[in-house]
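Heads up, the next two complexes both have subunit A, just with different partners, subunit B and then subunit C.
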Partner chain A sequence: MTTKVLNPTTAVDHYRSLFRARATRRVGAEPPWLADLRAAAMARFAATGLPATRDERWHYTSLAAVAPVAFAPPGEQCIGLDTGDLAPLLMAPGAKARLCFVNGRLAPSLCLAPSLSADGIGRGAPSPRGAGVSPTPAGDDPTGVHGRPCGGPAAPPERSALRLAGWAQAIERWPDEMAHHLGHHLGADQPVAELNMALACDGAVLFVADGVDAGRVELLFLTTATSEPLFSAPRNLIVLGAGSHATVVENHVALGTANAFADPVTEIDLGARAQLDYLKLVHEPGSFHTATVAVTQGCDSRLTAHLLALGGRLARTEFATHLAGAGGSAQLFGLALAGGGDHLDLTTRIDHDALATRSRELVKQIVTGRGRGCFSGLVHVHPGAQQTDARLTNANLLLSDRAEADTRPILRIDADDVKCSHGATVGRLDDEALFYLRARGLDADEARQILTAAFATEVVASVADPTVAAAVRARVDRRLTELLEEPR
Partner chain B sequence: MLNIDNLQVAVSGNEILHGITLHLPAGEVHALMGPNGSGKSTLACALAGKPGYQVTGGTATFRGTDLLAQLPEARARAGLFLGFQYPVELPGVSNAMLLKQAVNARRRQRGETEMDAMDFLVAVKERMAFMEMDETLLERGVNEGFSGGEKKRNEILQMLMLEPDLAILDETDSGLDIDALQVVARGINHLRSPSRAVLLITHYQRLLDHVAPDRVHVLADGRIVRSGGPELAKELEARGYGWLTGDVAGVEAR
Partner chain C sequence: MNSKQSVEALLAKEYRDGFVTPIDEDRVPPGLNEAVIRLISEKKGEPDWLLAWRLAAFRHWQTMVEPTWAWVHYPPIDYQAITYYSAPKRRAGTRSGDAIDPELLRTYDKLGIPLAEREALAGVAVDAVFDSVSVATTFKDRLAEEGILFCSFSEAVRSHPELVRRYLGSVVGPADNFFAALNAAVFTDGSFCYIPPKVRCPMELSTYFRINAAATGQFERTLIIADRGSQVSYLEGCTAPMRDENQLHAAVVELIAEEEARIKYSTVQNWYPGDAEGKGGIYNFVTKRGECRGARSRISWTQVETGSAITWKYPSCILRGDDSVGEFHSVALTHHHQQADTGTKMVHLGRNTRSTILAKGISAGRGQNSYRGLVKVAKGATGARNYSQCDSLLIGDTCGAHTFPYIEVKEPSARVEHEASTSKIGEDQLFYCQARGIAPEEAVSMLVNGFCKEVFRELPMEFAVEARKLLGVSLEDAIG
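And then the complex of A and B:
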């Protein structure tokens, strides 16, 4: 593997040169509003550079190892995978709609379209500010996603009013909506999200029309081992109309140990009474992953988010939800399984910014070997957000003496009529519990496995969709077995 | 069945048992009584192999084999059952799953095939009915949120499923209401057979009214200070331990 080493101070220059290279390549292909967004993002990134640990939100995670490597987007690639190869990786098997990206690029042959093409059917899909585009025959589809290879019968109209497309197609077909949402759900001072905006080349875009049940959608991001250090910046947008429902799984997985730096951003907008079950999983051994997920929640919307990290040389997810409408509720579940070579970081932020909003957050970390799991959780109750009801819980299980779990739950309360609590624990497997199981004839390894899995159960069991829950259970169990086999 | 000779046990460097000798033949039920802190649970845990319970002298054999050399799980599979004084809560570990694993671990040990899901369910439900337990407890986490009485019944349920040769029941009667006490006693009597033995650790005569012991031993300050027939328990009930605890010369129990 050839790795060009950069002088640390030139990381900004490196990404600026990637920015210029892509701007030249894409000139004329992108609308001016997007070029402006990108330029502004690049300028903000250049001003700060990669985040440093003096930034509170990056307290536990240093990108010092990312800075000197010349990660770059892949050139022309031959995918060499077919849908059969995906089966063991899928977290939402049987989903009617799936987009698959390989090393950050849409891989049309691995995608599954929702049964109807682009804009669903006219009457089901509202077109805010007239942005709707008339359906195109599948053959004209530039991404090749729509209409193939689904093959099945057309879904009933009320389920089909979803629009799912790759980034390039979405920009082309729904520019007004894209411009309306892109970057608008993110907070300020997010250098890795700025870097994403500057360099994003692909991603998944999902619009679900008012009142529609979109069912299950899987967004699969595969990293394959490459000889060159690989950079990818997927940019996802999920917009749920009023009263709509969806289950979206964002699955980041590396095939083998890859030398990659993935910098994904997912923006999510939930309309009034919309309900989203969102699950993000990352399992990228040997790679760097700095994800940003930002949600805006309307009145009475309900978000359930599962943030699962099963491995990564450095895998960090920064998740924020803004409860902007009265009566909105967010349920967050986090699970990190860190083995010897893993540094996992989950940084969450919940902003209660309207009347009578509710949040529940439960984060569990299991760490073994020399692994490290870091959790920072901020709950901010803004002035005027009366009747906020928030609870934040973090529990950590250390399986070795060298393992490290960090926890920083923070409540910031600027309203008076609120109910808020938080708690964090760090512990080891309970000797009494181990002995109890052994006294029933289970051997010591089996007892450890059972108790470790039990620690994760609360999070795994809270996945509502039974198919996704079973896939999560299997993935988690497999990873736990590996963890328990590692030297302590 | 169980032969303990001059057993000495230390916990964190402190000797708690100063030489226990106790012989429990097959077919018998022995009661072990004694004041709080006298070492009853220490003996039970040492016999079951709890880590941290260091045997500093003496021997213990179970059906002729050296018990002390074996891992706790091996002792359990060989047919030793410890009913815990304080059953542990295991959130996230299903009660049914634990029972099934435990039963199959013992069956594998005996060279029997594992029980299939259907036979297992039939067997558990039959025993739960016998123990007057709510079937919903099966799907709950092991002892998770169980009442004190439910935990003790659950211990006996496990015992009935595992059909051990030797059951050491550490205060399984404590904290039970009158009806529950009878149910638990029924469970113990059900297990009683010429090929099995039971060591009942208890503070109260009332369990022994339902489960008649063959012998009664009194432990005080890490030594067996008196052994006798069932009448000894009645005498303790009337007189307390004071008259015995002065008498620490040590008595051979048999």
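And then the complex of A and C:
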């Protein structure tokens, strides 16, 4: 593996040169509003550079190992995979719709067309437009809104029930909605999300119309082992109309140990009374992963999010949900399994910014080997967000002498009629429980295995969709077995 | 009279200790540079090593950046505008060691701190620090009988340089943080206490800090050493006049507990908090840290923080000795425009070390109250145990209560637990009390005191009474 080493101070220059190279190639392909958005994002990223541990949100995670490597997007790639190869990786088998990305680029041959869709993916042959592999329909636009302003997502014109497309196609066909949402769900001062905006080349875009049940959708991001250090910046957008339902699985997985830096961003907008079950899984051994997920929730919307990290040299997910409408609720579940030299970081933020909003958060970390699990969970009750009900629980299990768990549950409360609490614990397996199992004839390893799996169960069992739950259970069990076999 | 008005009435008392003592000062011109530091050192007749220590700290301080991570907001401090030394002038004809200036005696009497060894608080030895210098230390002779050294820092430098040199900066180094480095460079006085092995200090020791002069900062340093098997209980109190300008107080407290020693350090902090509009008040940026050096030693911090415009303070315990114990009990109250970012650090290094954190925050008016704590368990601290509890009480919808606990564990046999909750004084609670014939102001006071009871229980008796009164005063106008 050849790795070009950069002077750390030139990390910004490196990404700026990637930006310039891309901008030159993109001339004419992207609308001016997007070019402006990218330029502004690049400028903001250049001003700060990669986040440093001085930044409290990055207190536990240093990108010092990312900065000196010249990660670059893949060139033309030939994908030697077919849909059969995907089966063991899928977290939502039997999903109505699936988009698959290989090293950050849409791989049309591995995608699954939604049968509900009147437009979007699956119609027409892949064309060489955009990023080169986007399955753009051959010219026609069945909805006839191309280039015409629309009323925004609050009152969209008559649309098909479910629209799912790759980034390039979405920009071309639904520019107004894209312009309305892109970057608008993110908070300020998020350098890795700015880097994504500047360099994003592909991603999934999902629009679900009012009142529609979209069923399961899986977004699969595969990283293959490559000779060059690989950079990808997938940009996803999920918009659920009023009263609609969907289950979305965002699955980041590496085949083997890859030398990659993935910087994905997912923006999610939930209309009034919309319900989303969102699950993000990352398992990319050897890779760097700095994901940002930002949600805006409307009145009485319900979000259930599962954030699972099963391994990675450095895998960080920063998840934020903004309860902007009265009566909204969010349930977050996190599970991190860190072994070997894994560094897993889950940073969550819940903003209660309207009357009578509710949140529940449960995060569990299991750390062994030389692994490190870091959790930071902020609950912010804004002024006027009365009748907020928030609870955050974090439990950490340390299984080896060299493991480390860090946790930071933060409450910021600027209203008085609230019910807020949090709790955090760190410890090892209960000696008495181990003894109990061993007294019943189990050997030490079996007893450990059972108790460790039981620790993770609370999170795994909370996945509502039975198919997804079974897939999660299998993946987590497999990973736990691997971890427990590692030398301690 | 509704409950809001009654609480307002309860809280309508003014800051009690806001008077100014008219006394001649010996002060150096404002500004901070090596010349000023040399001047301070010269005035105090310090040995060369201490001057060198100050200058090294100052040079390091110049390379440091003021921290911004705390949840407090204030305009930039002009360190060149502060006077770093101000001492009450001795009256003509009095020499060092002679009777104290009657004006000062009156001041301390007014504050309820008797400097004559006779009054009601005869069981407490006091070191009184007035602006930059210690003006009196009581019961020195009685303590000396036991071998206890209790004197001003300057005197300790003169009479026990070997002890000072050995322990100074060994817990809070001169480059520890921005304000500690500033203190190391310009500290003017403070208290020094050494308890010899196996001695149980027969009375409470205490330091009373008073800022009097305008446009000065107070930078004092307290060093308490409890040698093997000894015990001491230490109290600290502070007040300042009411002024429209903010004044900086950047102190350092170092505690050292050797094997099986016990130190109990209690603070009732009542610096001037500024007026109802947030004008004036003390910036209280303090570094307090204790080290349990020996096995089975114990350090316990208890603090009641009701004053100061801004509090930035994290009394900490380094639990180095095996089986050592650290405790932190805190009540922090912010009202009007006060801001407090306070908490503790418990660093577990030794085996079977235990720590308990109990933090109670009360926010009222536009007060911002943050608990910030760190529990760190190093590898090898087998069997370490921590329990933390942080509770916030909100009075009114314009205040803020925040909790920032950091937990970092590298030892699998450690057990760390943290809990936090938030509640408010509800109309229903007040109604319940009133329905039983309890006057509204009494009801609020009862509820607040109930909320803080676990911490007050840790305070020495005289302080507990004082603390209860202070909470009542500080909360005036809170409900309204």
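Keep this in mind: the second predicted complex is superposed on the first by the 443 of 488 C-alpha atoms of A that agree within 3 Å, B and C clash if a C-alpha of one lies under 4 Å from a C-alpha of the other, contacts with A are read in each partner's own complex, and residues count from 1 in each chain.
What we mean here is this: a residue touches a chain if its C-beta (ideal position, glycine included) is under 8 Å from a C-beta of that chain, and two chains touch if they have at least 3 such contacts.
All values derive from a computational prediction rather than experimental measurement.
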| item | value |
| --- | --- |
| Partners on subunit A (subunit B, subunit C) - clash or fit | fit |
| Subunit B versus subunit C as contact partner of A:Glu485, first or second or both or neither | neither |
| Touched partner set for A:Ala444, first subunit B, second subunit C, both or neither | first |
| Subunit B versus subunit C as contact partner of A:Ile413, first or second or both or neither | second |
| Touching partner for A:Phe435 - first (subunit B), second (subunit C), both, neither | first |
| Vertex subunit A angle, Cα centres of subunit C and subunit B, expressed to the nearest 10 degrees | 70 |
| Subunit B or subunit C, by number of subunit A residues touched | C |
| First (subunit B), second (subunit C), both or neither touched by A:Thr457 | first |
| Partner chain in contact with A:Ser400 - subunit B first, subunit C second, else both or neither | second |
| Smallest separation in angstrom, by C-alpha atoms, between subunit B and subunit C in the superposition | 14 |
| Shared subunit A contacts, counted only where both subunit B and subunit C touch the same residue | none |
| Interfacial residue positions of subunit A with respect to subunit C in the complex | 56, 59, 383-384, 386, 396, 398-428 |
| In the complex, subunit A residues that touch subunit B | 430-433, 435-444, 446, 450-451, 453-458 |
| In the complex, subunit B residues that touch subunit A | 48-52, 71-73, 76-77, 82, 84, 87-88, 90-93, 97-98, 101-102, 105-106, 109, 141-142, 158, 162 |
| Subunit C to subunit A touching residues, read off their complex | 69, 377, 379, 392, 394-422, 424 |
